[in-house]
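Next, two complexes with chain A in common: one pairs it with chain B, the other with chain C.
Now for the complex of A and B:
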């Protein structure tokens, strides 16, 4: 895992270098004085999903506005407090981005102590004990259940039909799909609830297996769980498990079944598995990071607000994998468009809890 | 990696006569090479305290050099936004080893805030290191300190929450809350050590296996309890409600979560354990029971009970580490606790399982952890490379001591084999 991360970060570094040459010159340099501190969640960079998405957001901001930034990767939630304080206490950062819900308890305290520091929190809302929003924290949360409903709907439709494309296939008998979570937290419960509801929307009789790996960075366990699911007849497995999901893709390739990615369009970010990643539940963490930096560059940062992003705001979306674009049967794509509108209009009620 | 290199290399630097340094010529003469290995082990086992200290220092220097080369070479392979130096023909390097080490040193001791961070880590490692050392002294290998710490921390975190509304938020309240938190952590951690102890004593279950397994049980149990029943309903994280301020150890240095009270307490515990094992009858019995059960029984000691006692004591220290973590550092239990329990094993081995030796070993680990935090933060060096540096230093410093223990075990050196009747102790 560590080696993988290292190699991945080398890759990312190389891309940054190139991007710097190509885009940097054309960029708007208005943010040159802006310095951003990034504190990621404990899965770390190189997860090809959540944290890398946030990193993409800040890279894009660097290219567009000429800002500079500093990454910090906590090994465990216990380190988050140290990093937040280190950034906030140094007085050199205009904005500190805290990526992930594990930040919230420490951030509520630190944001009140460093009341001049601007913070962004992704995936949670910083509230004081009295229930007031902390004034200098801009919060971004996502309605993951809506996007998960969409991929659940897709998986449900696929497993009930004969489909053969890319590195895998499905059969129409015994409709069965799976879900692999990282840790069993409230947010991941939203993924699971939406996914199951979407599958049931497609067909009441679909069997959905669910399991949790207990970690965000344990691809070995992810692979074991997914292999068991595929062996038991699951056609498609959706993961919401950060770097653990890499194991799910491995399992999908060996079993020649499909998988659904999370956070990023993983058929691109984890390109080696694009032949089995039929779709991804994209959660635009990068947009959240980018927009918050943009607001600082434009000098209209608004603390104490909550941006609640769902399908309607394009905060979450079911994105078809790059190898499957235009290859899915029309009845499926039509059904997905329809259920998307249903959710946005409020005709379909997506549960937030299993 | 090259275990031989560590032992022999250091040896060559510190000893004038030169039994070390396996050069090519040595390798050519196979038997001779083996003899030299034996001589080296003999020498290591017989080394005086001053010589051992010199070996450790030489090893540290050696580790710094090897690590520096590694960082420097990696700098050419990596790509970065701002290269630090340019060498014609070779290209640009992203990392400057001298700068990395300087940042590390400064990050560990350079300011009061950094020093506080180092000592915070040191305090926790003292408790986990002592936990492992206590078991080792009794001939037991407790790999379960991590699990004992996790459950101790959880119990402390839960027990202290209701105190906020009962106790006055003053020194007096603190004098009640903090000892109470320590006791709760010690009892729960001690219980988690008692289980493998009893299994070892009465069912002959290997404590290495049972403690490893119980780590998983502890982590899973704590996660389940908190996520399903006892967690803070106000957050998406798997964590408990923060403990009230009356149960938080007062920070000694502003803005840092380090309390000198905890450090002094940890140092006192180290001395107490040293005295317990070297100066009391109970300590003597604990040592002999683990080393040679039959001999201990013969001399009228209840060896089985003592194995249970040792493991419970070890577990209690792990539990206290968890309690201190909650009351001084994190103010709540949260899933994904740092691996202090496992680091404690390395601390104890580095210290040769001597309770007093645990103090400098914990300080070294604490400084390295705090220093790598600074490197990760200030320079563009990837965290993984810093972990490699840290690992190299620990490996090099621990290797001579490891070989010494190995040599002792296989009866090298001039001293007689330790036996149960002298408590397995050598003077």
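Now for the complex of A and C:
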């Protein structure tokens, strides 16, 4: 009896567990024969940022080129290897897009094993042990620190002045801003480093509090961190924490202070908070995915190369929130244009590490 | 006459807690006097312990402590419920999905209906778990694991059906309630401004203690877990008492899960879901608290307090406390308490089926 119950319970658990992550077929408009396999990062679709942006890119490519694609959402980094091999081994896919730096270790191995398969890696660079680029992988990386510098500059300027618009306000005394990260990874460190540098560019004396939630999907902790920051006098908090950031916005609304979104324009994707999201550090993962598919469609896929996207390539950008367009003082918008040009021209050196 | 008899009764009864306090004080003294920079660290740490910090710790305690109290009722009655994490997920998800189907207003009945339905849903899942364990004599640990796995898969799956997305958009949240007069006090006034689940926890802890220790129902619960045969002989149905214990654990977890979700106004189903292991920490909290609601609350508060402290310390330049490291403290603590202090004693019939002779 006990053993049977065991098997039955596990069976039910596993079935329901798997139900959340089945591969979804998204149809075929058969204009072209190009078939793309998408393997997302473990946050999965519906994060309203990174993975959804990648999905937007492939949807756009579907609309423009009539390609077909198939999504796979790994539950954990451990599943990524299986999905990569499944797509590569089936011989049905012209391109396999691996979204997220978690893919890199498995991809280096799999790409060499399936050397005829074209791969795209977003957010990391696939290198062999000798430091050579893997020949059949096209890599897209972003200079997040440049975009983060811009939002840091904006936050720094806002906290040193009196500003009152939307659901919040800032006071000019005690300039203080905050940063909430998800997990402590090299990429998020670039966000933090750029943000702090941007704030200091605005004013050397600005206090920047930083903290990591230790999770991408814990808005409860995100809310507590942001609440303590606002309680301690922070006027603006920037998050690079995936779904944890929802808690940051909630805290901003109850404290009547500002927040800065990440990855896409969160004043649109998280519309309920548009009155406090003064800007977002947009990272155009969709462009990376779209361009890589376009290169396959045009038959000029270039493996073994790195596309490094920053402010100049429009890979990252500080986008003002929809409620704040045209509402920011001119001195701020001018200063942002000036610092953007400074970064592109190389006059401003943005650090990559804190 | 052994040494133990000579000690005053209070010391004897609370020897474990007192040992712990003495050890902590000793550790603190060593840190302050011996470790270089220790004094500065202690000053910094005590600097962040403000009313705002305590309020944050209380909010973080809510889901953990409610799960712990729920676990006590179930396990004391003789059914080990390791599905607390799953019940919290059910509570959190149901609260938000109810808000989705109710009119979008800030009217107070909307949020309380969501809260109530979440508690009912969690209690219902606990009831199913009780039926599987009591009627079908399933292994309680495995059935409890199934509750967690099912909730972990089902809640994100249902989210996709409702919102085409594992994460929900945002909805209304509990607004804060302030206690008149007390909330106007200088500096500590902030402690008396909180969301309703925090106040419910403050009421629930002594209430749970009273029910378990001073009422007939509490005695039945205890007997059902310790010596069901005697309870049966006394003419009380062990089955009914165990059902009551398990369903109560569902009610408490429902309050904890709904409290968590309605504070943020959103359900996040990606990864480990927004509950993120709080149910498991609740489980360790009541083991450390030795099945006493007050002890379980204190353990929960300790873990939540450390988490809140870690959040604050990260913001002071120069401290690099890893949130991952803080995250394992509850589990290390439970191993230390169970292995070395060793006074936690499971109810003797917990985990066993009881077959009435009638």
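What we mean here is this: the second predicted complex is superposed on the first by the 323 of 354 C-alpha atoms of A that agree within 3 Å, B and C clash if a C-alpha of one lies under 4 Å from a C-alpha of the other, contacts with A are read in each partner's own complex, and residues count from 1 in each chain.
We adopt the following convention: a contact is a pair of C-beta atoms (placed from the backbone, for glycine too) under 8 Å apart; a residue touches a chain by one contact, two chains touch by 3 or more.
Here the structure is a predicted model, which is why all the values come from computation and not from measurement.
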Check your understanding: Is A:140 in contact with chain B, with chain C, with both, or with neither (first, second, both, neither)?
Key -> neither
Review point. Between chain B (first) and chain C (second), which does A:185 come into contact with in this model arrangement: first, second, both, or neither?
Key: first
Practice item. Go through the superposed model and pick first if A:324 touches only chain B, second if only chain C, both, or neither. Key: neither
Review point. Chain A residues in contact: does chain B have more, or chain C?
Key: C
Check your understanding: Is A:273 in contact with chain B, with chain C, with both, or with neither (first, second, both, neither)?
Key -> second
Check your understanding: Where does A:47 make contact in the superposed view: on chain B (first), on chain C (second), on both, or on neither?
Key -> second
Exercise for review: Applying the touch criterion given at the start, work out whether A:247 contacts chain B, chain C, both or neither, answering first, second, both or neither.
Suggested key: second
Point to revise | chain B versus chain C as contact partner of A:229, first or second or both or neither | key: second
Practice item. Once the structures are superposed on A, label A:209 by its partner contacts, choosing first (chain B), second (chain C), both or neither. Key: second
Check your understanding: Is A:217 contacted by the first partner chain B, the second partner chain C, both or neither?
Key -> second
Check your understanding: Once the two structures are fitted together, what part of chain A is touched by chain B and by chain C alike?
Key -> 2, 5-6, 9-10, 13-14, 16-17, 20, 42, 44, 184, 214
Practice item. Flag every residue of chain C that touches chain A in the complex, lowest number first. Key: 52-53, 56, 59-60, 63, 132, 136-139, 142-143, 145-146, 148-150, 152-154, 156-157, 159-160, 163-167, 169-170, 173, 260, 263-266, 268-274, 276, 307-308, 311-312, 314-315, 322-324, 326-327
Review point. Once bound in the complex, which stretches of chain A touch chain C?
Key: 1-2, 5-6, 9-10, 12-20, 42-48, 178, 184, 209-221, 223-225, 227-229, 231-232, 242-243, 246-247, 249-250, 254, 270-273
Study note, to complete from the structure: Listed in rising order, chain A residues that touch chain B in their complex are 2-3, 5-6, 9-10, 13-14, 16-17, 20, 42, 44, 70, 72-73, 75-79, 81-83, 85-86, 89, 101-102, 104-105, 123-124, 127, 183-187, 214
Review point. Inside the complex, what are the residues of chain B that reach chain A?
Key: 77-81, 113, 117, 220, 223, 227, 232, 234-239, 242, 255, 257, 325, 329-330, 332, 334-338, 373, 376-377, 382-385, 387
